[in-house]
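Structure provided below as structure tokens; questions to follow.
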Amino acid sequence: MKVGIVGATGYGGLELMRLLHNHQKVKKIKLFTSSDEGEIFSQKYGHLKKLYDQPLEKIDAKALAQLDIVFTSTPSGISSKLLPPLLNGTTKFIDLSGDFRLKNLEDYERWYKKDAAPSDAVEQSVYGLSEWNKEEIEEASLIANPGCYPTAVLLSLLPLIKENLIHVNGLVIDAKSGISGAGNKPSMITHFSETNENTAIYKIHEHQHIPEIEQAMKMFANNHSPITFTTTLVPMTRGILATSYAQITSGTTEEQLYNCLVNQYHNNPFVRIVKETTKFGTNQVYGSNFCDIHVKVDLRTGRATIVSVIDNLVKGAAGQAIQNMNIQFGFDETAGLMQVPLYI
Amino acid sequence: MKVGIVGATGYGGLELMRLLHNHQKVKKIKLFTSSDEGEIFSQKYGHLKKLYDQPLEKIDAKALAQLDIVFTSTPSGISSKLLPPLLNGTTKFIDLSGDFRLKNLEDYERWYKKDAAPSDAVEQSVYGLSEWNKEEIEEASLIANPGCYPTAVLLSLLPLIKENLIHVNGLVIDAKSGISGAGNKPSMITHFSETNENTAIYKIHEHQHIPEIEQAMKMFANNHSPITFTTTLVPMTRGILATSYAQITSGTTEEQLYNCLVNQYHNNPFVRIVKETTKFGTNQVYGSNFCDIHVKVDLRTGRATIVSVIDNLVKGAAGQAIQNMNIQFGFDETAGLMQVPLYI
Amino acid sequence: MKVGIVGATGYGGLELMRLLHNHQKVKKIKLFTSSDEGEIFSQKYGHLKKLYDQPLEKIDAKALAQLDIVFTSTPSGISSKLLPPLLNGTTKFIDLSGDFRLKNLEDYERWYKKDAAPSDAVEQSVYGLSEWNKEEIEEASLIANPGCYPTAVLLSLLPLIKENLIHVNGLVIDAKSGISGAGNKPSMITHFSETNENTAIYKIHEHQHIPEIEQAMKMFANNHSPITFTTTLVPMTRGILATSYAQITSGTTEEQLYNCLVNQYHNNPFVRIVKETTKFGTNQVYGSNFCDIHVKVDLRTGRATIVSVIDNLVKGAAGQAIQNMNIQFGFDETAGLMQVPLYI
Amino acid sequence: MKVGIVGATGYGGLELMRLLHNHQKVKKIKLFTSSDEGEIFSQKYGHLKKLYDQPLEKIDAKALAQLDIVFTSTPSGISSKLLPPLLNGTTKFIDLSGDFRLKNLEDYERWYKKDAAPSDAVEQSVYGLSEWNKEEIEEASLIANPGCYPTAVLLSLLPLIKENLIHVNGLVIDAKSGISGAGNKPSMITHFSETNENTAIYKIHEHQHIPEIEQAMKMFANNHSPITFTTTLVPMTRGILATSYAQITSGTTEEQLYNCLVNQYHNNPFVRIVKETTKFGTNQVYGSNFCDIHVKVDLRTGRATIVSVIDNLVKGAAGQAIQNMNIQFGFDETAGLMQVPLYI
């Protein structure tokens, strides 16, 4: 397998390189970037010395077309232009940006405030929520890899919505995220002294992952409703904890919710349903491709609190992308990904 | 003013000492503890050298009765036994524990899993939410100082509930807190390596601040309903960010919600209503007695997201306690408390 | 007192505002900046709402000349141009940058890689190490406020060098600092995801505070030698811990070193000598103007380890500047500054 | 290979489990503990669900004797009693505690303040500094795995001492460590609120790793002298940055020091010599078995500053232990260990 990473210098790209390094089917990884062309990569990022001592290459359509698979981990608005001309070749593409996720182009333009990708490319793309879309992923030549927040939210809610155990109407989702999701471009939002010892809410009701979540609820659970969704930044690097609040349907018990999740994911190696817990946190999945889910019913209010945790850079980005590659190419779904979380 | 602090070695006690040190009406501070009796305080806590180089004293009812005011900052179940016999004297008491907050003794025993205080003492106590209960606080000899979460939640929601701008039915409150709220007793929950780089949810639906919030909604806004309330620990020391989700009543606009809050707190020095913000966080109030509030309506869902931040050790504990003392004794409400937040 | 702050939007400026807010002699504070002119300051920095709701003013020589005292907290190379023309007026100046610290102009140009200030202005300036230069500070119209590292290092070493208890030759100084010392300009060095969970050494042997330390050793202890000095960034916002290693002179005991420090600072309110400690850290002085010092002799090697901690933004910058103002104007040296450290 | 871990519930044990999980030669891992016997391990540590869903076993000499290799990751004073009776069997042992490191039993008792292991067991043990003791490690039945600080210090200094490029006399070593080195037992030293936003020095001149470093300098570089060694705790979980200060020998250049290191480690996969750097930090090796080294000469003082970084739980403990197992059993030295550092 010859693999390319476009946007190698970003955090998504770095994480792809970390995980692919131990993937036994991957023989060669080429690194592309729009800047620092020709620079030895391990001189820019010292942690890669002895691992990726190779020059960064200029993004070049021809070079990409000669690879088996290309991951694009670029800011919004890049891959929508780069990839469409290449889709008729033999190379498979997995795009980690949001450019091909929203089937409704107006939604893209409204939430991303950028031009949408060409409609035929968007139509052709397959939404890469690995546990829910395997058959399409197997056949896909272009995968729109899900966003970090949607992954955490959808894996925990889709089974319960599909089985009609919770009301989709009135859903409130409060997601907390580490700072790495903001990427590697310095700004006041990510400046250490402003971010450390600070928990802050931002983009209230305006996050571009909102339409993605709603679209997937419709797509996979055949039910949706506008969600209230907020995102809070917490002073850590990795991890998302998403807390969802839903009215349970009449007569539903905590046991039923738990069993529904267990049954849904029984054969999925990366989703773990946690029953008893005094504390349920992001460190349980740190550095790994796991998604852990916990559900608890409040009998006083008839509402369920559903909590899920992922590593935003792994299951929320690079890990799920590799999981999708494994599915596409018929490898073991866990190839290169079955790592023990760091925890500490 | 001769002041006593019972439980001086806990974080609540330390913060009282920090803030009272610059209070111009306070001449003498005596420190009481159930352990380390006789020890020079600044040898236990080096940061107090040259500031509190005095011995800790044994808790002694007679000694307390000779003071003008005593703050009890003790674990649940201590002040409920210590204070009742002292309530007929001239000393005023402000209790920072939860022992006198819940008027319904069964609620206390259910949520705290301890014996309740004597009913006459509980009846006599005044709930010290400074901005909402000034007249009673002025006359009180025993103040039940509010919990940290209730303070953040109630200040932001009470005006909107009272004015019938949001539905109290269906309220969801997702509160995030730094670790100092767990006190200074080491445990796995507060062990650095388990807590750092970790965001974790705990005590889902079971926090003892739930009945306190519901009681105060009834008391001050004459309306209440069971709330869904969760608490998430984030890896920082100080600060609470409480995010509340409420259905707005028919026809209500964001402007109305904002104006309601501005009008309510127009004359309150410590509550700040923030209109425009790209990021709204706990560092805005770090080390200060401020509570900042922001509200935003989601037109897609007809729901309002109301966010408030406090320093849990100041406005959520020691600062509000001193504010209450100021009100009780007729001092300027801001005496000793008008400090600029550290921010960085 | 009418006070001006030039560079109000930087972290030094913010800290001046925090501390001056409670200074009883300060009636009016004007804020100057080279950017954001006209903007209401508390809209830029939300934590200042209700405290500094005033517009930023353009830096203007005439406006500065009408104030009693002006603090310049600007990047290197600004005050060296701004202040010299104003030095003949009645306004006193305290410069928090390095522009007037080095008496040898070539040293400035070599270490700062910028043009030095005019020589007469540099000559006129007084080095504001409060505890060591009070008489000159009282008379000064221009004070060069010491750097953060030099303050921590000099306060701990000067007494021992002056009394010939340690050898100045062979001194090794290993200083650790929080990130706020790097200011508020975003960069990869201060980007949260690169800085969190990372301890990193930078500018080895090249820090511009090296000549400042050596100059002050000569100035105050009449002895100096090239020092080995490194700086390590640790993942916290505030605080410096400086560890110095020195050969003790023949026959010197730990007791003598301790007593020397105690005697030197007996009448200095902000310097605390700590004898026994299991752990000695920056949180002991967090948010305060204290400098804590601890010394320990290693009999196996005949070497002393001298450790000092300060809050880099307070004693290492704004706090010491205000202490100098107090000395200049004949106020109590502790006015506005005797605050209890936050510790937690 | 059947592997046992004694002390599985500690951080050393957890890290062994993390790394061994992907080691292709390891088929079965048995977990032993002195507490929680019978408990399903993944119920205690949720991050291990689906990975180690097996019960903890009681420490039992017979069970250990049936394994191919046993790692003991226990507090001081345990393995010195557990292992000696087992040393004549076929099982190989790698002890991660300090019990077998010091050949001089009096040194052990003086620095550890505990009874030493039996002298014949200590004599038989091989010091497992992988890069420096391969031949002995290959033959060893009991390996004393090096301490975290000694690993970081020795790898960076031994080549320079051996080649006589720096003076061993007068060495100053200032090591900074994350908190995980203190293990998983809660205490005030590791309590989040006391540790976060705090850099603190502890055990000045008294750390038990001092005699280990001096012994290894004699053993591998045939030269030693009492060192001055201090340890500073910084608010992060993983990582050690050790800064060593040494007088260079006459005529030595930075280039020579650099080349000496490069030559020494040319064939060692886990040691990386870094030439140019603006910032050199622990995140370069986070989660990996790498040790990165940087050296810089200060011409003003004739002194070299040598900096090294490791992950204390990997190269400083579990990683090096597995590297030693690989050497003992003739596996590829990097088996299970060639992972890309997390960096972010």
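Assorted remarks:
Labels A, B, C and D are assigned to the chains in the order they are written; within every chain, residues are numbered from 1.
Keep this in mind: contacts are C-beta pairs under 8 Å (C-beta built on N, C-alpha and C of every residue); 3 or more make two chains touch, one makes a residue touch a chain.
Computed from a predicted structure; not experimentally measured.
Chain pair with the larger contact count among B-D and A-B is A-B, by C-beta pairs in contact. Work out the mean CA point of chain B and of chain C, and you get 36 Å between them. Centroids built from CA atoms put chain D at 46 Å from chain B. If you average the Cα atoms of chain A and of chain B, the two centres end up 38 Å apart. In chain D, the positions touching at least two other chains are 11, 180, 184, 193-194, 196-197, 235-238, 280, 283, 286, 344.
Chain contacts here are complete: no pair of chains fails to touch. Of all residues in chain A, only 170, 172, 174, 176, 178, 189, 193-194, 196-202, 204-205, 226-228, 230, 232-239, 241, 243, 245, 278-283, 286, 294, 296, 298, 300-301, 303, 305, 307, 344 touch chain B in the complex they form. Contact residues of chain A toward chain C in the complex are 11, 179-180, 182, 184, 186-188, 190-197, 235-237.
Contacts from chain C toward chain B in the complex involve residues 11, 14, 17-18, 21-22, 43, 45-51, 180, 184, 196-197, 237-238, 269, 272, 274, 276-277, 280, 283-288, 290, 292, 313, 338-344.
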